[in-house]
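Here subunit A shows up in two complexes: once beside subunit B, once beside subunit C.
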Partner chain A sequence: MPEIAALKYLPVLVAALATTAKLSAMVVACGLALGVTLTAAAHLGGKAVALAIGAVGYVVRGMPLLVFVFGVYFALPPSFTFDTKMLAAVVAMSVYMAAFVFEIFRGAIAGVPRGLTDAASAIGMTPRLAFRRMVLPVALRMTVAPIVNRTVMSIKGTSLASAIGVWELSLAGREIIQRDLQPFQVLGMIALFYFVICWAVALAGAAVERRVSFEH
Partner chain B sequence: MIVVEGVVKRFGALVALRGMTFEVARGEVVCLIGPSGSGKSTMLRCMNFLERYDEGRVVIDGETIGYEGDGSERRVRRAVDLARQRRRVGMVFQSYNLFPHQTVLENVLEGPVHVLGRPKAEARAEALALLEKIGLAAKAGERPARLSGGQQQRVAIARALAMKPEVMLFDEVTSALDPELVGEVLQAIRGLAEEGMTMVLVTHEIAFAREVAHRIIFMDEGQIVEAGPARELVMNPRTVRLQAFLRRFREGYML
Partner chain C sequence: MTFDVNYIWRNLPLLLEGLQLTVLVSLFGLLLAVPLGLVVALALLRRGRPENLAARAYVQWFRNTPPLIQIYLVYFGFPMIGLSWNPLATGVVGLAIYHGAFLAEVFRAGIAAVSDRQMMAARALGMTDGKAMRRIIIPQVVRLMLPAIANELVLLAKNSSLLSTIAIVELTMAGKLLAEQSGAVYEVFAAVAALYVILTVGMGLALRRAEWKLRLEH
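Take a look at the complex of A and B:
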């Protein structure tokens, strides 16, 4: 069996993987929370608020993530007490994800068929009750697949944190490749790490989707 | 019991209802027939204010549906008030519109428990009895997506009946069904008629209307063209428009 020379870098890569995992977890958690908050704000805050959130979201979604990460990084004041790079990455990527999450929720809510709200009204539900008991539960089920999709993209997107110097999987890999002549083995290991994480997320998502299916 | 008086409904420049006036007595079954686009659904939806009519009024048991005040003072009722009024009026739609995330039993329980706030155990017993009556007790735990169209439509009827409405509105409830499933739904409606439920049905089933309805109202272009006792109206149509409508109908059946 041929020796995989790059295996000696495994400890370093695993250490970097820990950062990637931490960054991913924070981005996905904050992105989801912020996205849900924005959806609620747009819904409860009246037309002007909804319009403002929609407009900002549109602009953010239209930006390449890399540009957005740089923008937030340079906008933050330099600090010696905490890790500005990590903070910038978390903030930028969370907001970026939230913009998509908001759009997914907004679209799902708008996509709930008129017949459903008609039926809810017809049995004497107020619009508020109908929203809580019918529109939201039905819309949420529609969001599982796109949210999982977005989560996977956010996790892969954390590799762009390397551009502002966050020492995570991609940056660690690049450092090794610059010293070593085994780029494909190292890249292969990194790709495998990302793949396994994203695959696990996709599997979990599929399980959730099955559970909430209308036929289940 | 129901008084519809000069109801006008506009969609922008289009006038869907041009002054509809008719009455429905308690226990009476009235069918609305007419060509596509004549405003039948719109009329029905105005009767529980799913559609906001512009002029005239719909009065059920002395209460104007959707509006309070009179004349220039007239304004749309508050959401809770509209919801309260709709509890007395059951409605069944062409496309069933069951709550897809709930089981059959939950669909039927939704109104009594979450709208009327009745104790769950009590409502549950009644809901199961309703499902029994329409022959779907065995499906209580299923999701609507797993039911046939005819079964879904019967659940929709049970869901409306669970609110113990005083009036039932049916909008072409068999039009989306395969021919062999139409019978079971019509049978359920026939049963309600025999129990003396006040009903307004929009239907294309002329034979059924003739048999079950007390009166038929034929409308075209947002107006009543001819109205009368069901049998008489179908056997001896007086207006040219109804004659033509019925003729087209019979020809359609023969094809």
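Take a look at the complex of A and C:
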């Protein structure tokens, strides 16, 4: 009976999956936190700060994630005390995600109809109160779908950590294929792992979106 | 740490050669992904048919798995089934099947947006379903969807950097080789990043022009 490569290597792939999951969790958490921080900074810091963040974000979004990962990795000084590869991957992918998160929030806040803030000030709300009670709740609802989308993109993007030698699913898969020549089974299994995670995130996102949307 | 601008100028021809390949691969990828997306979109619109299920599975599967894995699948998988293509062709196919899934969703929404009354009018004039689709619906969808197609081309150009992992010397690989060989990391990656930004912005502008040219006269 021929050996089934995907089963033979299952323990290895599960170990690699753990790294992918860890990397994804860190990137998504840091990316969201940094994106929100940048949005707040641009909002509270005045025109110059907003313009600077917007310009840097535009450039970062304009380059491929892989180039950004390489840039950060090669720019970091080599170290023996900690894992530079993992650090470079987390930093680069978080910043890259934050650039998109920033743009999503900025766009959503700008997309709130002017009439809403006018109405708020007409009934005596201060601009700050109007922002908190009128603009933010409307804007946040609009961000759910694109943020979920970006989260899925970031999880898929962690596969690029393999290019700088982080041993996660994609790199493990490549190693196994080069040893055993069973690309369909091994890559199928890996794709299935990614699919389950991304699909779950997308479904959870859709559920949240239904819950918070205005139309029922 | 020094930043040697002259180093960039001296090695720009190498990077531009990589950029050329990036553009070529992106355009061919789009050329393949658009018809693929259209065919899948048509299947997505036919509810209750077997091809509908296949189309939905295709879209969900390829949207929710990394493009890198799909490129590997073509690159490592095709030789196993007797298709020994050159890496460039496998790379283009890998990119196209990924972006085809996204375009299918875009086209589905676009066709659904124009379809109803236009289709009825075309049928009333005696066109068959297929002819009405080809002559009436699709030309409108393509016009309507041009911004989305432009957007996909930009994403394709960025994802073409993944082909560096299968030893294709496009812009990213050219930069990586140069950086590893010379150690001028900052210079090289700043230049590579700048070239990508120029490329993606340029593509956006070019397609906006095309959109303007193809607009329906009012």
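We adopt the following convention: the second predicted complex is superposed on the first by the 210 of 216 C-alpha atoms of A that agree within 3 Å, B and C clash if a C-alpha of one lies under 4 Å from a C-alpha of the other, contacts with A are read in each partner's own complex, and residues count from 1 in each chain.
To be clear about the criterion, a residue touches a chain if its C-beta (ideal position, glycine included) is under 8 Å from a C-beta of that chain, and two chains touch if they have at least 3 such contacts.
The shown structure was predicted, so the numbers you read here are calculated from the model rather than taken from an experiment.
Chemist: Could you check whether subunit B and subunit C clash or fit when both are placed on subunit A?
Modeler: On the superposed model, which is not a single observed complex, subunit B and subunit C fit side by side.
Chemist: After lining up the shared chain so the two structures overlap, which partner does A:75 touch, if you call subunit B first and subunit C second: first, second, both or neither?
Modeler: A:75 sits against subunit C, while subunit B stays out of touch.
Chemist: Should A:195 be classified as contacting the first partner (subunit B), the second (subunit C), both, or neither?
Modeler: After superposition on chain A, A:195 lies in contact with subunit C alone.
Chemist: Figure out whether A:205 sits in contact with subunit B (first) or subunit C (second), or with both, or with neither.
Modeler: In the superposition, A:205 contacts neither subunit B nor subunit C.
Chemist: Going by the contact rule set out at the top, does A:35 touch subunit B (first), subunit C (second), both, or neither?
Modeler: neither
Chemist: After the superposition on A, what does A:124 contact: first (subunit B), second (subunit C), both or neither?
Modeler: first
Chemist: Spot which of subunit B and subunit C makes contact with more residues of subunit A, would you?
Modeler: The larger set of subunit A residues in touch belongs to C.
Chemist: Would you sort A:160 into first (subunit B), second (subunit C), both or neither based on which partner it touches?
Modeler: second
Chemist: Touching A:63 in the superposition: subunit B (first), subunit C (second), both, neither?
Modeler: The answer is second: A:63 touches subunit C but not subunit B.
Chemist: State whether A:184 touches subunit B only (first), subunit C only (second), both chains, or neither.
Modeler: second
Chemist: In the overlaid three-chain picture, find the nearest pair of C-alpha atoms across subunit B and subunit C and give that distance in Å.
Modeler: Across the overlay, subunit B reaches subunit C at a minimum of 23 Å between C-alpha atoms.
Chemist: So which bits of subunit A does subunit B touch that subunit C touches too?
Modeler: Dual-contact residues (subunit A): none.
Chemist: Which residues of subunit A touch subunit C once you look at their complex with the stated criterion?
Modeler: Against subunit C, the touching part of subunit A is residues 59, 62-68, 70-71, 74-75, 152, 156-160, 162-163, 170, 173-174, 177, 181, 183-184, 187, 190-191, 194-195, 198-199, 202.
Chemist: Name, in rising order, each residue of subunit A that touches subunit B in their complex.
Modeler: Per the stated touch rule, the residues are 113, 115-116, 118-129, 133-134, 137-138, 141, 212, 214-216.
Chemist: Under the touch definition given earlier, write down the residues of subunit B that touch subunit A in their complex.
Modeler: So the residues of subunit B in touch with subunit A come to 48, 50, 79-80, 82-84, 86-87, 89-91, 93, 95, 97-101, 110-111, 114-116, 143-146, 156, 159-160, 163.
Chemist: Provide the residue numbers of subunit C that touch subunit A in the complex, in ascending order.
Modeler: Per the stated touch rule, the residues are 60-61, 63-70, 72-73, 76-77, 80, 158-162, 164-165, 172, 175-176, 179, 185-186, 189-190, 192-193, 196-197, 200-201.
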